[in-house]
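Chain lettering (A, B, C, D and E) follows the sequence in which the chains are written, and residue indices restart at 1 in each chain.
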Amino acid sequence: MTKLYRNDIKVPCDVPESHVDNYVDNYLRATRSTGRLMMFAGDQKIEHLNDDFYDPNGKIAAEDHCPNHLFSIASQSTIGVFAAQLGLISQYGKDFPHINYLVKLNSKSNLISLDQHEPLSQALWNIEDVINLQATSHLNIVGIGYTIYLGSEHETQMLAEAARLIKDAHRYGLLTCIWMYPRGKAVSDEKNAHLTAGAAGVAVCLGADFVKVNMPHDDEGHYTARALQEAAWAGGRTGVICAGGGSKSAADFLQQLHDQIHIGGARGNATGRNIHQRSLDEAVRFCNAISALTLGDRDVDFALRVYQGQEDFILTEDV
Amino acid sequence: MTKLYRNDIKVPCDVPESHVDNYVDNYLRATRSTGRLMMFAGDQKIEHLNDDFYDPNGKIAAEDHCPNHLFSIASQSTIGVFAAQLGLISQYGKDFPHINYLVKLNSKSNLISLDQHEPLSQALWNIEDVINLQATSHLNIVGIGYTIYLGSEHETQMLAEAARLIKDAHRYGLLTCIWMYPRGKAVSDEKNAHLTAGAAGVAVCLGADFVKVNMPHDDEGHYTARALQEAAWAGGRTGVICAGGGSKSAADFLQQLHDQIHIGGARGNATGRNIHQRSLDEAVRFCNAISALTLGDRDVDFALRVYQGQEDFILTEDV
Amino acid sequence: MTKLYRNDIKVPCDVPESHVDNYVDNYLRATRSTGRLMMFAGDQKIEHLNDDFYDPNGKIAAEDHCPNHLFSIASQSTIGVFAAQLGLISQYGKDFPHINYLVKLNSKSNLISLDQHEPLSQALWNIEDVINLQATSHLNIVGIGYTIYLGSEHETQMLAEAARLIKDAHRYGLLTCIWMYPRGKAVSDEKNAHLTAGAAGVAVCLGADFVKVNMPHDDEGHYTARALQEAAWAGGRTGVICAGGGSKSAADFLQQLHDQIHIGGARGNATGRNIHQRSLDEAVRFCNAISALTLGDRDVDFALRVYQGQEDFILTEDV
Amino acid sequence: MTKLYRNDIKVPCDVPESHVDNYVDNYLRATRSTGRLMMFAGDQKIEHLNDDFYDPNGKIAAEDHCPNHLFSIASQSTIGVFAAQLGLISQYGKDFPHINYLVKLNSKSNLISLDQHEPLSQALWNIEDVINLQATSHLNIVGIGYTIYLGSEHETQMLAEAARLIKDAHRYGLLTCIWMYPRGKAVSDEKNAHLTAGAAGVAVCLGADFVKVNMPHDDEGHYTARALQEAAWAGGRTGVICAGGGSKSAADFLQQLHDQIHIGGARGNATGRNIHQRSLDEAVRFCNAISALTLGDRDVDFALRVYQGQEDFILTEDV
Amino acid sequence: MTKLYRNDIKVPCDVPESHVDNYVDNYLRATRSTGRLMMFAGDQKIEHLNDDFYDPNGKIAAEDHCPNHLFSIASQSTIGVFAAQLGLISQYGKDFPHINYLVKLNSKSNLISLDQHEPLSQALWNIEDVINLQATSHLNIVGIGYTIYLGSEHETQMLAEAARLIKDAHRYGLLTCIWMYPRGKAVSDEKNAHLTAGAAGVAVCLGADFVKVNMPHDDEGHYTARALQEAAWAGGRTGVICAGGGSKSAADFLQQLHDQIHIGGARGNATGRNIHQRSLDEAVRFCNAISALTLGDRDVDFALRVYQGQEDFILTEDV
């Protein structure tokens, strides 16, 4: 993988001249000059409440009980961006000034079932709030994120909010990533490959720079990296990144990610609980293993050795 | 067909003096000085998700898997306008600066059935966003589009939004086109000719310059060009253009369009998947064949030869 | 009937000093210095779609198929105001600069039945849009109109919107007319005389200058002019005008209007399809016949002769 | 009862320094320097449509058919404030410049039953509109009123609107009165004394100066003045005033009002149809009789003689 | 417990430089330089109507019938903050200028059952209103409060409103406290410990400084202080404070509070009716007993003696 230069970047044409440099800087920072996004996703404290952070049987590391853990991992490992809600960043950011933050602008809890109510997640903050936070905190905020539940009866409201946020973010040269999840009574198979491609296509029509989708399955129900390819095509210039899905062994996880990138056409990864449910030391090593694949374009064996502490992954060419 | 001169154009009187020239320029650009609109419609990536772009059995050209295809067609053929969402234009527009863009301002997916929820499609962007995009990109943005589901329980919200967008667009001298589709539980026959005429009448009351309707059928259920005539009358100064409908042979398609214009009173065409599902070369020829009818006022035989590569259609008198 | 002088006019006290003259001018123009309003209502292309404009059996004049017809009638006959949506005026107004326009600010289609959904009609434009149209077009815009469905579950939203529009219109010296129709599941008898009086009372509490109601019936179900009297009292300074109702012979129509004014206390008329479904020549004569009653205070015989082309009605004392 | 001096008045601390004098002036005007509010309520033309103004059997005076009657009474009798909608005041106020007006900011019709739809009454005007009316009309506008249906599913919307209006009114030194009515499916006994006290408590938490409640009944269902006491306590600095309830003899009405004040702790009265359904002469005498109790602190016998024309009630110490 | 110094305080990084001192001042005032919050909660007059203030059997002190009582207690005892609605503060604040106020920004009545309607409580005031009140009143307003019903179908609206209020409050250096209550059809066990921890986690993601939760129970249904610990961890820098729950003896209450702090990790208390339903003298002593635990870090025996009037609790080191 060759280093990305400033002129290689396709800057969306709604970014004003005055902020093109800013956009390019953010793109290079977020992708560590590789064009690929390694996202450490830390927005689950609203999305999943405390389910991902505390286990009475001890399957989750005790350090994860406290939100501080997320920031410790993000600051001590090699990642692209750490995604978290603006409020969480405002409480901890001052002590972790070197992280690249991607501000997640909406979130909802998982209390209400799809049977009860169609999913809706409104923006909790606007781009102006992100810019204000940047001004008051001097943090490295490189972009924003927003979740859309495609197929919900409230779809149109979320599409409109996302379009507005993407446009406003671009005005300030911020990157944008849409979490695009087909969900609701109208969606019988959330992870269908063709539907996932449709989701990626919606993201590019909204002007997003990246779109996070769930790992799709093919027509036989197999979650194969090849099933992601249609989505990668449909997304076009909007880079498709994939969630890790259910827990699996580190080796399986890393192999899957490698396939997503090299077979499915993914332009990065978005990984959350697979990272932070481990102890700090292990979580840092796992982050670095993921980055070895996504940012370093290394093979699975190398990444596995990084995870096992037998290798260091050092990203040499950085911005 | 005679060339349209600046003074021939009926400028709506909500266009301010300062922007009359702009409106006239946009009208002449969009209609290539003919008064007829040849619209290449490319908003289906939200409206139909990936259904129009990917077929596992190969009935859709592989080039269509990627959004780049739409822009390639639009830039290499003779068309009036290319209609697409603002976000899509912002991602690709810089590489395709010579297209006339019509910015589609709302869209919704096709996931929710009419049985489940009355159709609603809110504006994703405002005219100010269009003007900002024009300022940052220097693209040829000549107008805007918006879909209304007439008869939906949310009709009043879409009517209000459309009225606002048309008025704001005119303030800047932009053309306006309403996609007007009767739809919802209250609508038993979406393509009834009399209802279609009602839809066209609503568009002129909103002040739209063009209205895109579906091909209506007559009382016996036949989709004849004559069934369009009532709508063309009802629209008055708002030019009625027609969608192509389901797939058919190129010859049938071109004959139908010729009839829509010369029997039904249509003032142009709006064509999408009939164009982009073909390979680039064929799609360009098909575009030019359509333009031979709409913009060149040529006969069906000539258009067919253009499609078959036996003739070139060159629009000589352009702005 | 004596001519109305400037000082006779009760200017509502929310009209600012700077616009009192403007209000008085508009009042005198709209009522042709008589205090009575002759309104040619032309907002049916949204309200009734194409039902009022096209009849396959030829009962509607062919000229009515095209919106141009409405403007031709309004410009060639003696009327007080022509009521139409802002968008329609913006498309045709430049060619018909001498009409007094009353801008209808909301409208909805008739597709949805009361069984399906409670009626709601939101404003499509605001007063600022009306003022902008006046500035760009130099048309004689003398006032605005808005429909309220009293008794709908959305009543409070329409009351609030109407109150805002009336107040804003008065700020610019524009006249205001409310179309006040009791409608919805809660309304068992829309044309009850006592309910109609309630509707008129609501209009005066909103500060409207005129209120258009449907012709009420008395307790025995008879549509008599006397049944209108309670409404005329309840409206107080808000002048009650009446729709013409279903089609009837010209003689019956004119007799009914005469009774509405002289027995029921109406301060004018609001007439639509009874006018525009006729050919241009006949429509102009019928308009003038109505005006002979409303504006000229002549008797029914005279009006009938005007309609039959045996007399000319000329309004001598005009502003 | 001793005269109220400027320094006796507890000015809410959200009134800015610049408008404290204004608030004090309005308080003294509205209470005629007594601290008690005699409100002539005239907002029924929306709330009850024409039911309170016209009776085919003649039980309502013919003068009441026309809204002018309300203003004649208010201008010719001794009252504290006349409450009416802004629109009604704007149509008649110029001819009645000496009335103290309290502008009622919301109202809804009585057409929809509680079974059909939970009650909601949105603000029709804002404080800025009241201030503008004052500026254009020079009327004595001393305060505003707003109705909340406590317990409605739309309660939170009305609470929010009321809080905003009270705060904005205080910013300009205007008095505020909340009509607080428990109503909706959740309310089984609207006039329960304990619930009424709750309603008064809500009003003081919103910062209102007065709260109008319906006459409550005690646990045995008796409408006794003593049942009002809990509410008067709960309201604290927010003065509780009581509606008159159903029609009764003048003697009974005056005795009840006397008890409300002297036993129940009411700080005034709010009376509507009991006043305006009488002929002008009788209505004026009845107003003055009420004021003899509320403002003059006289006994019931004296008030009755005022009503019977045997005494004059003159409020000597006025602002 | 050691005194908190200015530099110990973790100021959220959305507080602008210009207001950091203000935030620190408010934090020290509210926590009396201890880092713990002793909140006297007085927002029940809307939340519980008059149920907490009046008991026909005399179980509530008569002084509590009148809102004045709340302010008397708050001004005569040692507390951290007194929480009440802006309107209530505006009516009484001028006479009680030395209280630290926390302005409760939303409230709803308890009339509607969860079976009837999902809970929703909208903001009644904004931060600008709080700042205006501070400016007009010169009161010690140190922060704001807002209730979220997590799991309600309206959750997303309340999350968005809370996020906005927290961000705006921080902009002015105000403290923020979220009342976070899981509630609605989707919530089967409101006081589950794991769910309560989820609620605390949501609060830190919103950026709140404190979160008030209900006392949780463990898996066996026991309300033990240990069940609170997971929430205290999940809240991280957002201090968890606990409501007192149902009425119990003073000794039991104080023991429970001591355990909440020393076993459960609570950073203070929020106590309402347990205080104000007592007579003024007793309520003041009870307040001081609570403060002896929360602010003075004394043991339960000492606190009990304070309550019994055998000891004075004096907070020596204050700001």
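The criterion applied here is as follows: a residue touches a chain if its C-beta (ideal position, glycine included) is under 8 Å from a C-beta of that chain, and two chains touch if they have at least 3 such contacts.
What you are looking at is a predicted structure, and each value in this text was computed from that prediction instead of being measured.
Roughly how big is the turn, in degrees to the nearest 5, that lines up chain B with chain C by CA atoms?
70
Whole-Å distance, chain C centre to chain D centre, using C-alpha means?
36
Centroid from C-alpha atoms only, then distance chain B to chain E, rounded to Å. What do you get?
58
Mind pulling the chain D residues that touch 2 or more other chains?
Correct list: empty.
How would you write out the ring, from chain C onward through chain D?
From chain C, continuing first to chain D, the chains appear as C, D, E, A, B.
Please name which positions on chain B make contact with chain C in the complex.
Its residues touching chain C are 10-17, 150-151, 153, 155-157, 159-160, 163-164, 166-167, 170-171, 182, 184-187, 194-195, 197-199, 201-202, 204-208, 230, 233-234, 236-238.
Using the touch definition from the top, list the residues of chain D that touch chain C in their complex.
Interface residues on the chain D side: 43, 45-46, 49-51, 53-54, 65-68, 84-95, 106-109, 111-113, 116-117, 120-125, 129, 132-133, 135-137, 139.
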